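Chain nomenclature is as follows: A, B, C and D, assigned in order of appearance, with residue numbering initiated at 1 for each chain independently.
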Amino acid sequence: MNQLTNAARASGRAPFIVGIGGTTRPGSSTESALRAALHHAEELGAETRLFGGEELASLASYSPEQSDRTEGQRALVEAVRRADAVIFASPGYHGGVSGLVKNAIDLLEDLRADERVYLDGMPVGCIVTAAGWQGCNTTLAAMRAIVHALRGWPTPLGVTLNTAGVKLFDAEGDCLDQQVSGSLRTLAEQVVGVRSPTVGY
Amino acid sequence: MNQLTNAARASGRAPFIVGIGGTTRPGSSTESALRAALHHAEELGAETRLFGGEELASLASYSPEQSDRTEGQRALVEAVRRADAVIFASPGYHGGVSGLVKNAIDLLEDLRADERVYLDGMPVGCIVTAAGWQGCNTTLAAMRAIVHALRGWPTPLGVTLNTAGVKLFDAEGDCLDQQVSGSLRTLAEQVVGVRSPTVGY
Amino acid sequence: MNQLTNAARASGRAPFIVGIGGTTRPGSSTESALRAALHHAEELGAETRLFGGEELASLASYSPEQSDRTEGQRALVEAVRRADAVIFASPGYHGGVSGLVKNAIDLLEDLRADERVYLDGMPVGCIVTAAGWQGCNTTLAAMRAIVHALRGWPTPLGVTLNTAGVKLFDAEGDCLDQQVSGSLRTLAEQVVGVRSPTVGY
Amino acid sequence: MNQLTNAARASGRAPFIVGIGGTTRPGSSTESALRAALHHAEELGAETRLFGGEELASLASYSPEQSDRTEGQRALVEAVRRADAVIFASPGYHGGVSGLVKNAIDLLEDLRADERVYLDGMPVGCIVTAAGWQGCNTTLAAMRAIVHALRGWPTPLGVTLNTAGVKLFDAEGDCLDQQVSGSLRTLAEQVVGVRSPTVGY
């Protein structure tokens, strides 16, 4: 289910996966989950690049009418341009994608005139963390709609992590919950194009 | 972006696409659109099977606690079981998938214990017809959420047809609108796994 | 936030709340939850009428092109026509409203030509039960979109009940979980137009 | 259907409506639509306050872990705190609420510990402008989910404006399309709590 990453392998290079997400808080569970998913992707042979909360916070408000781009904006656009797949990770703030993460995604408008328009044909993994299941899931729905608008294929599994009252990652970003870790690995498999031998998600 | 249909081709057989949708009204635009998409899929080398409004109306109310199945119910489940991809088509009744179409989809619970669970890994095309754009699009969102719950990959393009005050298909089911026809062809390409040379949707 | 139910009270009659929902299984948690919400509404002074799984299963497939209605179909339409508020309750089957419940809602098309079109201006409570949070919430989103299409006001609180591995109601339909019971009471308060003194949901 | 604005009138003061929305582009159709809706609300006796694109662009990235607020951030929070109703207006960027608008909404977390939590019990109007109907409607769905998470009542009518290839407002912000103008007036009526005599939306 993944011609792009297969094509990458066939041409002898590792599939390249870009992760975009996090919050302004260092060590946020959102960014930790994204890091973990990218780590699983690396174990599956992918090359990865993370744009985390700090980098997202450094981006100016996206202005469609302005064409000047900072170095940080260009780096994000260029990475997605050469990516084989993408993973988005957002906290669910008031039931939706955070302004911080959405501002970075808005910038992908710069891919509109590419030969491959936006994320056309790419698998796109979605991760949401929120304090409560309703917020997790309305945010996931919003994120998947964004992926469709960008012409990507949202992976069947979207990972929703309810962070209310639990610690899912330690200070080093290691996942403390085996089921969460398994979900993030399945997401990575779907993004990289390796089908999981088991289907227990 | 389509290992299943590619696998079918590799093994020397045509990919098999199942279409489920329509209304109780013969010649409905919903069923005409689905028929047209399946026809495009056949032109791309697929074998297809349509379950239209008449067959859907013959299905009893789905009861999870009952395991007896009629011949019609078994035919639907068996077709999806051996399918490489699926297309759902529903009218948007009050902003959602019609009870008639959803009742047929509910029956796919019978695929839960399969080796391939539900629609795991399958591309699933979505078509919605409604008298108004809001109804088209809230129904499309609901349908994509259903595809995700069934572990499928909703195709990037979901086809929404606003039927308010226009005739999109003639009495023979032929499409009268070139843009609509083009969208249904692109959907078929995404479902069958042929990437479109042009990206102008 | 509730002119209709207030108007009912002002004119000396109890607000009338119609509940529509359930599954084909007697004693389903969906129907028990709906019953409990209606019971709370009665405690707040409302008159209520339940259309449960058995009645919903007796309705024929909704056909927009047919105007003949059975007694059961007329009873449902008439009850909603004179209601001050409505509560919908559905299981989340494959991430969406069940065909059984949607088929009953589809029938509300008969209210299209009323002076009060569809559910115009009415508060509408939403209850979803599903084995898993993702299914609960995608179904809730679909249900709220349906309420909007019918011109109603979905209550701020939508009650989602994850039934995976827990028993929320006993054989008599009594709620075994205090938090669930509290949520259903808050929903009833929002539907009946009584503002809760506490806001801890 | 509007206890809050009715309560305002009963106490002899005009209902106070806050509008939040726009883009970085001066004279955007998003901001023009919001201005028009607020203008209709004023004609219905409301007092209004607009936070448009320029003010939204001046807000820093929302950081949940920081409690320092700028004057601009405080002004937004205080206005919503004393509002009887709110209208959100966003462009649909890639099928979702823009990062700019969402960043302002994220800031409403400061209302969490208020006696009236977030937008509890308030009517909230939603306006979306996008170049295409799918983007309009997935964005509207995301916005309504946000309203629910904030405990508000999204108005039955959500206004979606497809700006592809048409000019809906002139340079002064006056609406050039009578149907659009009527929709924005109906939205204002629903937000202010005046029921429209006609129901032709």
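The rule we apply is simple: contacts are C-beta pairs under 8 Å (C-beta built on N, C-alpha and C of every residue); 3 or more make two chains touch, one makes a residue touch a chain.
Keep in mind that this is a model prediction, so the values were computed, not measured.
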item: Both-way neighbours, i.e. chains that touch chain C and touch chain B; value: A, D
item: Numbering shared by both copies at the chain D-chain A contact, with half separating same from different; value: same
item: Distance from the mean Cα position of chain D to that of chain B, given in whole angstrom; value: 37
item: Inter-chain centre distance, chain A versus chain B - centres from mean C-alpha coordinates, in Å; value: 28
item: Overlap residues in chain C, where contacts from two or more other chains coincide; value: 134, 138, 141, 145, 148, 158
item: In the complex, chain B residues that touch chain C; value: 23-25, 57, 61-66, 92-106, 108-109, 118, 134-135, 138-139, 141-143, 145-146, 148-150
item: In the complex, chain C residues that touch chain A; value: 133-134, 136-138, 140-141, 158, 160, 162
item: Contact footprint of chain D on chain C as seen in their complex; value: 1-4, 6, 117, 120-121, 123, 141, 144-145, 148, 151-158, 193, 195, 199
